[in-house]
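Chain nomenclature is as follows: A, B, C, D and E, assigned in order of appearance, with residue numbering initiated at 1 for each chain independently.
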Amino acid sequence: MSGLRALAASALLGLALWQGLVWVTGLPRFILPGPARVAETLWQSRALLAEHALVTMAEVLIGLGLGTVLGALSAIGLAASARARRLVGPLLVFSQAVPVFALAPLLTLWFGYGLGSKVAMALIIIFFPVTASFLDALMRPHRDWQGLARVMGGSPARILWHIRIPAALPGLATGLRLAAVYAPIGAVIGEWVGASRGLGYLMLLANGRAKTDLMFAALIVLAVFTVLLHAAVNRATRPLLARD
Amino acid sequence: MSGLRALAASALLGLALWQGLVWVTGLPRFILPGPARVAETLWQSRALLAEHALVTMAEVLIGLGLGTVLGALSAIGLAASARARRLVGPLLVFSQAVPVFALAPLLTLWFGYGLGSKVAMALIIIFFPVTASFLDALMRPHRDWQGLARVMGGSPARILWHIRIPAALPGLATGLRLAAVYAPIGAVIGEWVGASRGLGYLMLLANGRAKTDLMFAALIVLAVFTVLLHAAVNRATRPLLARD
Amino acid sequence: QDRLTLILDWFVNPDHGPIIVAQEQGYFADQGLAVEVVAPADPSDPPKMVAAGQAELAISYQPQLHLQVAEGLPLVRVGTLVATPLNCLLALEDGPIETIADLEGGTIGFSVAGVEQALLGTMLARHGLALEDVRLVNVNWSLSPSVMSGQVDAVLGAFRNFELNQMALEGVAGRCFYPEEEGVPAYDELIYVANPDRMDPDLLRRFLRATERATQYIVNHPEESWEIFAGSAPELDDALNEMAWADTLPRFALRPEALDEDRYARFEAFLAETGLVEGTRPVDALAVDLGAQ
Amino acid sequence: MSAAPALEVTGRAEIAGRTLFEDLSLQVPAGRWTCLLGPSGIGKSTLLRLLAGLAGPVTFTGRCGAADGTPLQGRVALMAQDDLLLPWLDVAGNATLGARLRGRRADPARLDHVLAQVGLADLATRRPAELSGGQRQRAALARTLMEDRAVVLLDEPFSALDARSRARMQELTADSLQGRTVLLVTHDPAEAARLGHRIVVMTERGLHDLAPPPGPVPRPAGDAATLRLQAELLEILRRDAPTARAAG
Amino acid sequence: MSAAPALEVTGRAEIAGRTLFEDLSLQVPAGRWTCLLGPSGIGKSTLLRLLAGLAGPVTFTGRCGAADGTPLQGRVALMAQDDLLLPWLDVAGNATLGARLRGRRADPARLDHVLAQVGLADLATRRPAELSGGQRQRAALARTLMEDRAVVLLDEPFSALDARSRARMQELTADSLQGRTVLLVTHDPAEAARLGHRIVVMTERGLHDLAPPPGPVPRPAGDAATLRLQAELLEILRRDAPTARAAG
């Protein structure tokens, strides 16, 4: 499959750049270990990494699902009402400026230290690009279509449903692609809120203990997962964007 | 101006929600202080907040400018070459999965503890939504226009410049709006990488000293700045999106 | 069995030896306790969660406790985990910093933004320097890398049982300046805090008794206890933790319940002097001796 | 379907600060076909959009709507100059869009019938991008015919059709819209001569009425009276300043 | 401008698995106007797109291009059935798009001239959304005329124009494109009769040639021979199965 071959080529390029960086800059391995060292750690710690990766992946997939649904719904709600847009829009933007450690106590208080608070965190991070990019597309005027639809007797709600939403699907696709990229890092940040499992936990732990090799091994797992997730979402949303 | 009035209404709604949350959930003030307390701290610490806010704003504006330019250029580069897209695209996604603390030593090593590392961090965070959303728009086929342009003797580069880029400006606008939201949090994260000034630094400090009021005051300043920045970018990019 | 939730100060590490050993050896169960151990990523969260009633116990730092109580958090120290400071001002062994006085004009990194300024001010003052003579940078996640790579001249907030070993493993020797040797009053690095309005002294006493028993076991059986600790989770079994284990062992409080009231009074006074807290609070607002009650 | 009303437009219109027409007075008789011709850019489409209740960039002052003053909303169908097909819907989906926008189910039998009439029965599942220009126009016509409204506004509905399809569509449309008030904008004098109960030419100087030949519409294409009218119309349209008598 | 070549299309075409035409053989003489008529959906636009070198969804096997075998690329201009104006450019910008796409500056005098000819001189700074349908079509025509190519493919270029503008545009275009190889798709028999050196009707059965009246193009609109041809064409186009002699 050419898609996989392209990914492999890209991975090779990435490895070459990485190794090149290590050679050229002569960075100490506690700052940037070379690919070979990390590969070794990756192999040695494969059971550990796999265990934590599974936890994170579950968080990601749940967060992505919920975040997409919530993001799409809130975009539709905002598109439906100018008042909602004016009142709630700035609050959504506001919410994106709140750093993790201000949220962390609230999240753990409400959702505990289990899956809940991680999914919530991933959701908060995913939800916004989906909303913003879908909303932008929903707000494009399409005056001719909308005029025709009004002549046909369409109510604003039905015009939204039958015209604005389908016409805005490319924007939703862009949002989903962004969400696919942000979901894994969202789950990892969720794990910083308090966790005893997951790649984010493992990375922080490794970082705190200067096990840079392990941290980078976990990072590679996370990043590869992100790339694959993004490729999958990319492919799935391609029909929406190819529409002329 | 109705825009400002809408923002004020939204702020009132936000304050009401906040106060309501405090009342209903009875959250202790070291987890979520009420608006009145934060307002008081905001006023008392106005000089301190203003000093740190100025630092952060400078980082944000520089980061936003650079990130936008870089993001737009990389989208154009990727749009121009299918090979670049296949090779570099996954690496860009990959780069978004790298958590801050893995980057922190590298950033401070290369850019020091001054403005440089914060701008770099903001740039890394801003750049991706701009690239992704502009690229999606650039890749929409517009078969008829492109066909006509080829018949007219347009080279791929000129078709990109005269047709694909102008047609994709709404996507760039969406990317810019996202970037405006992410730039402040990007700068704050940059400050966590290593700083002695800025709102992010102040928040960490306040958090460490259990001064939740001050932390929330700094957060409010950051969030209000984010909302205003987003509103400004929103307004500036409106013509791009209103195009039918 | 009674349920009890304990929030650690950070991810599990050898500092938490008595807790892990007590859990693994069944000492908690012997006390009729089912203890849930939760690790947060941000050390400033656990006291808040306990104050908010989300957990019965949290591990925190004595200096942090003073600040938090001064800010009105309903918290009180109920036990001690590590009875000496672990914090140290860390520089490179073969670097230019041979005494604290050499830090003039240098850059000092720190991570937890709590009492660092007070500690540093005191340590510098002994060598004729003031805070204005150095540049303070919050380096957050990269304490030891920033000092190893020479981006900062020293870091404050490094733990002597960890960061030194960490650097040794990287082949870099570190030099520790100990706060308690440089004019800072001695304090308990790791303590157990509870919400005085909600706590059940009996429950906590049973908890502390179990950790006391675990501490005794650790002191008596350093090798076996390491095996137990390393076996509790695969990510804990590594060279750094093994080295740290040996260095941490002598620092565990042998009498977790016991309270040295004077320590708390002295440190409160110290913080008031440096201006980090306003006024002073009596010791019984800060710490209780469950055994004495 | 409610009884077809007469339409009336009296007033002046401005676009972007320029006067489009002044003192215009158009009467569209109830239940009949009125054909509107005129030079490109004179404001025919704008007039149709005004009657359909679409504001757009135009500022209109005066009366515009049903002659009896009742609102037109919900009684009017518009086939615009652009086909305005939704690219994500197939022909059948586009043709039944109106029903869905009103929250009803379209009658499938009627859909089949209309699609067969416009010659798109085999193409019901094709997307607009997979159609030829004339096929797209016929899909838009099918959508308009599905609307079943008392007032029908058609903006050059047959312009992309070959002679044969055009004649057929004219007959079909005349037949389907029997008894409705139809305002048809066209550039084809033959079309106007065939279909108009009333023929109005719009010029810079105002509206000009032409008497069509007697007899029911659609008139046979080769009919002598029709050909004469067609030639007369062509003559007027080709002249710079029409001299036909002012519209009533 | 290079010398105008003759064009040739011989072969078969498929779209989405269905045969569009089989054994088609079209010769377009060099330097002359060939008018192509035929029912909607028969494949006229597809043929033009093939000649322009645009693949699209069609699979073509055979010869298609200049009759002398030299590639057509860079020598052909296409005015598609849709106007394909870029919404963010004004009329002048759209008309000079080709030059910019080739990295040249458009000649401003020529632009003024062409815009004046198509009657858009006053609207040079208007965006497409601010134009009427006929004005948009003339803007697209202006863009095509600005191209100055040896081969010009016109897909119903005058369909949205009123009779007067249409006649003017026909004359203007005939004049401007003197000596080029022009292939014009039209549904208007009068247009074909006026403009064609050669008239080809495309049907399901293949191509059918009609002999146009002698004399230079554009022929006068009212000319008897032209009218006769027009009537004959109309007759053929209206019949289900054309019986004209097969194309050469």
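Just so it is clear, contacts are C-beta pairs under 8 Å (C-beta built on N, C-alpha and C of every residue); 3 or more make two chains touch, one makes a residue touch a chain.
On a predicted model such as this, the values are computed, not experimentally measured, just so you know.
Looking at chain A and chain B, the chains in contact with each of them are C. When the partners of chain C are compared with those of chain E, the chains appearing in both lists are B. The most distant chain from chain D is C, comparing centres defined as mean Cα coordinates.
The greater number of contacting C-beta pairs, out of the two interfaces B-C and A-D, is seen for B-C. Ranked by separation of Cα centres from chain E, the top chain is C. Separation between the centroids of chain A and chain C, computed from CA atoms only, is 35 Å.
Averaging Cα coordinates per chain places chain A and chain E 50 Å apart.
Centroid to centroid, with C-alpha atoms defining each point, chain D and chain E lie 27 Å apart.
Residue positions 82 of chain E each touch two or more of the other chains. Taken residue by residue, chain C touches two or more other chains at 42, 44, 48, 52, 141-142, 145, 149, whereas all remaining positions touch fewer. Looking at chain A, one finds that residues 30-31, 101, 105, 109, 143-144, 204, 207, 244 touch two or more other chains. Counting only pairs that meet the touch rule, the chains in contact are A-B, A-C, A-D, B-C, B-E, D-E.
Taken together, the chain E residues at the contact with chain B in this complex read 49, 52-54, 56, 73-74, 76-78, 80, 82, 84, 86-89, 97-98, 100-103, 129, 147. Residue ranges of chain A in contact with chain D, taken from their complex: 143-145, 147-155, 158-159, 162-163, 166-167, 169, 243-244. Those residues of chain E that touch chain D in the complex are listed here as 16, 37-41, 45, 57, 81-82, 119, 130-135, 138, 155-156, 159-167, 187, 189, 221, 233-234, 237-240.
Considering their complex, residues 27-31, 100-101, 104-105, 108-109, 112-113, 191-196, 201, 204-205, 207-212 of chain B touch chain C.
Residues 6-7, 9-11, 13-14, 17, 27, 31-32, 86-91, 93-94, 96-99, 101-102, 105-106, 109, 128-129, 132-133, 136-137, 139-144, 170-171, 173-174, 177-178, 181-182, 184-185, 188-189, 200, 203-204, 207, 215-216, 219, 222-227, 230-231, 241-244 of chain B are the ones touching chain A in the complex.
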